[in-house]
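Listed below are the structures to be examined.
Two complexes come next, and they have one chain in common, subunit A, joined by subunit B in the first and subunit C in the second.
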Partner chain A sequence: MNPTLKNIQAGAILKNAHVQFIIFGVILCFLPAIAASGAMKSSTLSTLAFVLIYSIVSIGLNLLLGYSGLVSLGTAGFMGLGAYLAAYFVENLNLSFWLAILAALVVPTIIGVGVGIVSLRVRSIYLAIATLCISEILLKTFEQLEWFTNGTAGKQSHFPVIFGVQTDRAGMFIVIVVALVLIMMLTHNVVHGQLGRALHAMRSSEVAAQAMGVNILKYKLVAFALATMYAGLAGALYLFFLKSSYPSTWNLFLSLNVIAMVVVGGLRSIFGTIAGCFIIVAIPELVLKKLPVIGDINGLPYIFSGVLIVVVIMFFPQGLKGLADLIVVAFRRKGKKQTADELVKSAD
Partner chain B sequence: MDMILQPFMRSLETGSVYALAALGIIIVWRTSLVMHFAQGSMGMFGATAVAFVFNRAGAPLWISVLAGVGVAVFLGFGVDFAIIRRLKRATAVGKEIITLGLIMVFLGLAPIIFGTDPMLLPRFIKSGDLNIGSAAISYNGILNIAIGVAVAAVLFLVLQKTKIGLAIRATASNESTARLMGIPTRSVTLFAWALAGVLGMLAGVMIAPSVTVTPTFMNTVQVSALFACVLGGFQTFYGPVIGAYIIAVASNFLKLYVSSVWGDQLMYVMILVFLLFRPNGLIGRTYMQKV
Partner chain C sequence: MADTIKQDGRPEALRIENLSIGFGGLKALDDLSFMVYEKEIFGLIGPNGAGKTTVFNCITQFYKPDSGNVFFRVENARLPKKEKKTDSGGDGADGMVNLVGRPVHSIIKLGLVRTFQNVEIIPELSLIDNVLIGAHVDFKSNMFDQAFRLPRARREEKIYHEKALEAMRFLGIDDKKDELAGGQPYGVLKKIEMTRTLMSNPRLIILDEPAAGLNDVETEELAEIIRRIREQYQCTILLVEHDMRLVMNICDRICAISFGKFLAMGSPEEIQKNTLVQEAYLGEKEDE
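Right, the complex of A and B next:
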């Protein structure tokens, strides 16, 4: 996202985050056409769609983890809830796409706020344990509540009708891109608004922030509510893109993978998170599976994500964003005699 | 068949399994301030190693368990030595996320090393029931209860009466002060991780005969053990053990008398509601944060 700038005015516009997001989205919208022309495999397009869907979830978790240092292990459960709600609204109740999305946004958020109120009053680690158990409850619900989820047989759905237009795979891809761009803009605004300032203050010192009148519980709750809301939305988009949902999808390891995406991408970075999603979702699918001998091993994606989490936290806590910053510094070094180490120190 | 005593004895058996796993979590939490989310999967790895030695090498069960102890100690040492002690600068959240990453590593490694076929582990005592009134409990069940209680008792004795226990308690109460006083806190932490690995492995071996040894067979144990710590409070070593038995009893009776499908789920919700009223757990004291 850093094209060579012909003149300063264009440069100023391009530096605007919202413009960057829109350009990013417009570029992504060409992907279905590329896939249709045969230059890219159609399965690759699906993988990329999942990268974008998980980007929405990860950006939400990044708000939570990056700013308030809270871990949620319920991401998969909330995503699954969004998916099943969307399916139930469209297939069983014959309601519109928009009402389905609304349900997928609202219901997980309400449950999330309830869990947050219970667990956030003590210490932050309780949220991880409480969301872990909510995730287990939801998983059991998906398996057992047949009238709602169709049990282990899986819930089937169709491509939705949006604004009177029957979508197809390419259409849904563009819907996902639009949703992602909107989420990126919303997140950017949240982070640079009052909520963001409060979260920043809490990040450096909760006690100091509290002394300055920041209601810590309230802002942690809002961050967690946003994260669950994004998860619900992503779940609904997942359902409409894949047209089916099985309980086994929404297990703990999906939640762990989302954490891996955030950690690998770098905390508090929107584009970094999307890059992290690409690494965690697309690399095992597009690269590791095709490797000789080790490509057939089932557990390989798990090990890949797990080892990346450990290695990134141990040696590279800034994630991909930190790596990108280092590369930028290395390029600038010719002009200014500032070493990468110095900038890293000042960034710390 | 007795409808109170019978399920109660069964609950004590599962309670012992949860108690061992919870003890591992609390020891790691107290000594290195890391929430050990990988306790279940490390225990799974150890128990799978036991099943592997037993099924593939044909060794007797007790030799397999000894081999499992070796694997568990090695894993515990390895995790602390290679990862946790190098994390002094990482935040508390960073450490938690590391243990989450470890879950995935062990989950992926187990089928690669031990094969993808599910394995079975037999009971220590093959058959025989003890009749107490109208209730019956297998001798193996009694052994499991005894192991749980004995391990917890020995651990408390060690913690309270020996020099090693004093070192652990000192490290738990304040790591840097303990180090200043000459306590080898690094060795204490190393010991804690190895002990947690062994306890997790034992829990796995005890629950394995009633399930199949697969990479995810310890998930329920992990969740229950974490909840035992929440219920019992993180401030004492014995709180989580009490919590573990309460959870096992509650879960069994809810499954029997309320709903066989939703029993565990009901209990989770009840614990969450309980947290509203006693946020620091049963034995917990109020948690104060110093500025």
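Right, the complex of A and C next:
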């Protein structure tokens, strides 16, 4: 009796989402050590770091696209803003890492809310248009505003000092992991509470949501503000990891790629989104580019995400999350059959 | 108008005054007035296109009426802060508050909640989460509390979870609480929607064709549920329904309208005998 009880308790703990997130984070923290031992290429570690950074952005966009049913095409612009703000705070103003992160969180959110107030009153397609415009404006600003961004020459930065410790690539990787795990936890809490239910209600039917007392404009703004905030944070982490930022990075293709990550990973799934980011960011980099002939095609990653979006929407509208659910259900059925058999046997 | 208010000495829950609304050239509602007593089951009937759902949409402020008023009895505690205690001018005395011009999402706070003709359920959420949306406006914890799962937010979530379970038990769907709403039979979806209305401690529940799509057995169960809701939750129920048997069975009083105009008002027996109503339905409801 006792061992089975223990098993059940262990199972319950593992089912707790927060525990899963922490385990996931702890496993990721071993990656820099593996890279240092030479078992993994250091370029692979960089690619994985970008997967995690984009995971933060994509989880934010999932709040918007998956939960609230809104589309933003401005992700790249807000991410870039976060990156340049972080660089400006640390390099030009000589302020701390934490203030830089704070700026990258707050300023894009304020701009995002401003854009949202103007564009969210009307149908949601206007949010897509407005965010696309703001993103293009930001991109031009990044190119022209040289005192802030150093223009097309690119803004350079350094690994930050955190709590008096000079970080390196491995250290920044751990910082990114911690940030991602925190974002996963916060997002999980948000979507499983009153706020998340309101977003669900709003996506499902604005009319019904209003009848239940959901202030549509308020919750659209909240979702949009959160997505923008995540993008700003990811932008800052991007800068501190890569130690540079160029305007050309923050173009429409990046925004579209983030949408692809969410769609491929599966709407409304945190782990699904991370898997989606891995496929969209890491597969072209780690696998496709090494293939003969195909690997030499220019713009290969974009072709890959485009094809993947079409395939996913046509055959797996639930994305990787849906695929995983199908597998779990299949296994459960098998498991249930087994336990039923055992029960029959024990009854005998 | 004043003479009808205190009839039977019963307080009124809802008073519709000279409601008119037009869409393009079409007058959907034309100078419609009626009122509903507290704790009454009140039926609104009329042939197709009579404007029944339009009445509901005007009450709940989805439509802004061209003219007329909708007065609703509200406890002082439920009023928005700035309106409390002082009877705001024009809204009438005795706790009656004009709903016209208020934002749609503010109506439920006043104690008025509705269901929809085509059930509006979130298929991706579990039954209990669907029900919990009904308590949306009662949550006091802010986003920050919720994001960090501070004790306040957790306590609140637990309280409403219990409340939702109780309401689900009341309608007999608590055994399915963790199942997804998507893929549930239509009868269950209707029950989720009704359970959800109970979460807001309603004073008045508006049901838009609650029996549509239900079979005879389910309709009888529905009649029983509506009666029990009134007893248990001490609220008023206003319903639009095509199923005449249900309407005649459960309603205390009925208002008949046709082409947006008032036809007749009275007990089920009076309405059945009314020649105007018979004419309006002629050829449509012969089988009743």
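As a convention for this text, the second predicted complex is superposed on the first by the 328 of 348 C-alpha atoms of A that agree within 3 Å, B and C clash if a C-alpha of one lies under 4 Å from a C-alpha of the other, contacts with A are read in each partner's own complex, and residues count from 1 in each chain.
The rule is simple: a contact is a pair of C-beta atoms (placed from the backbone, for glycine too) under 8 Å apart; a residue touches a chain by one contact, two chains touch by 3 or more.
Values in this document were obtained by computation on a predicted structure and should not be read as measured data.
After alignment on the shared subunit A, the placement of subunit B and subunit C results in a side-by-side fit free of clashes. Using the contact criterion defined above for the overlaid structures, shared-chain residue A:Val307 touches subunit B, although it does not reach subunit C.
In the superposition on chain A, contact of A:Leu256 is made with subunit B only, not with subunit C. Applying the stated contact rule after C-alpha superposition, one finds that A:Val207 touches each of subunit B and subunit C. In the superposition on chain A, A:Asn150 makes contact with neither subunit B nor subunit C.
Once the two complexes are laid over each other on the shared chain, residue contacts for A:Glu136 go to subunit B alone; subunit C is not touched.
When the shared chain is aligned, subunit B comes close enough to touch A:Tyr126, but subunit C does not.
By the touch criterion defined above, A:Thr109 reaches neither subunit B nor subunit C.
With both complexes superposed, B is the one of subunit B and subunit C in contact with more subunit A residues. Applying the stated contact rule after C-alpha superposition, one finds that A:Gln20 touches neither subunit B nor subunit C. Here the smallest spacing between CA atoms of subunit B and those of subunit C, following superposition, is 8 Å. Counting contacts by the rule stated earlier, residues 207 of subunit A appear in both its interface with subunit B and its interface with subunit C. The touching residues of subunit A, counted against subunit C in their complex, run 186, 189-190, 193-195, 197-198, 200-201, 203-205, 207-216, 222, 268. Of all residues in subunit C, those touching subunit A in their complex are 60, 62, 103-109, 113-114, 116, 120-125, 129, 132-134, 136-137, 139, 141, 143, 146-149, 153, 157, 196, 200.
Remark: subunit B residues 35, 37, 83, 86-87, 90-94, 96-98, 100-112, 116, 215, 219, 223, 226-227, 230, 261-262, 264-265, 268-269, 271-273, 275-276, 279-280, 287, 289, 291 touch subunit A in the complex. Note for the complex: subunit A touches subunit B at residues 65, 69-71, 73, 115, 118-119, 121-126, 128-130, 132-134, 136-137, 140-141, 144, 206-207, 252-253, 256-257, 259-260, 263, 297-310, 313-314, 317.
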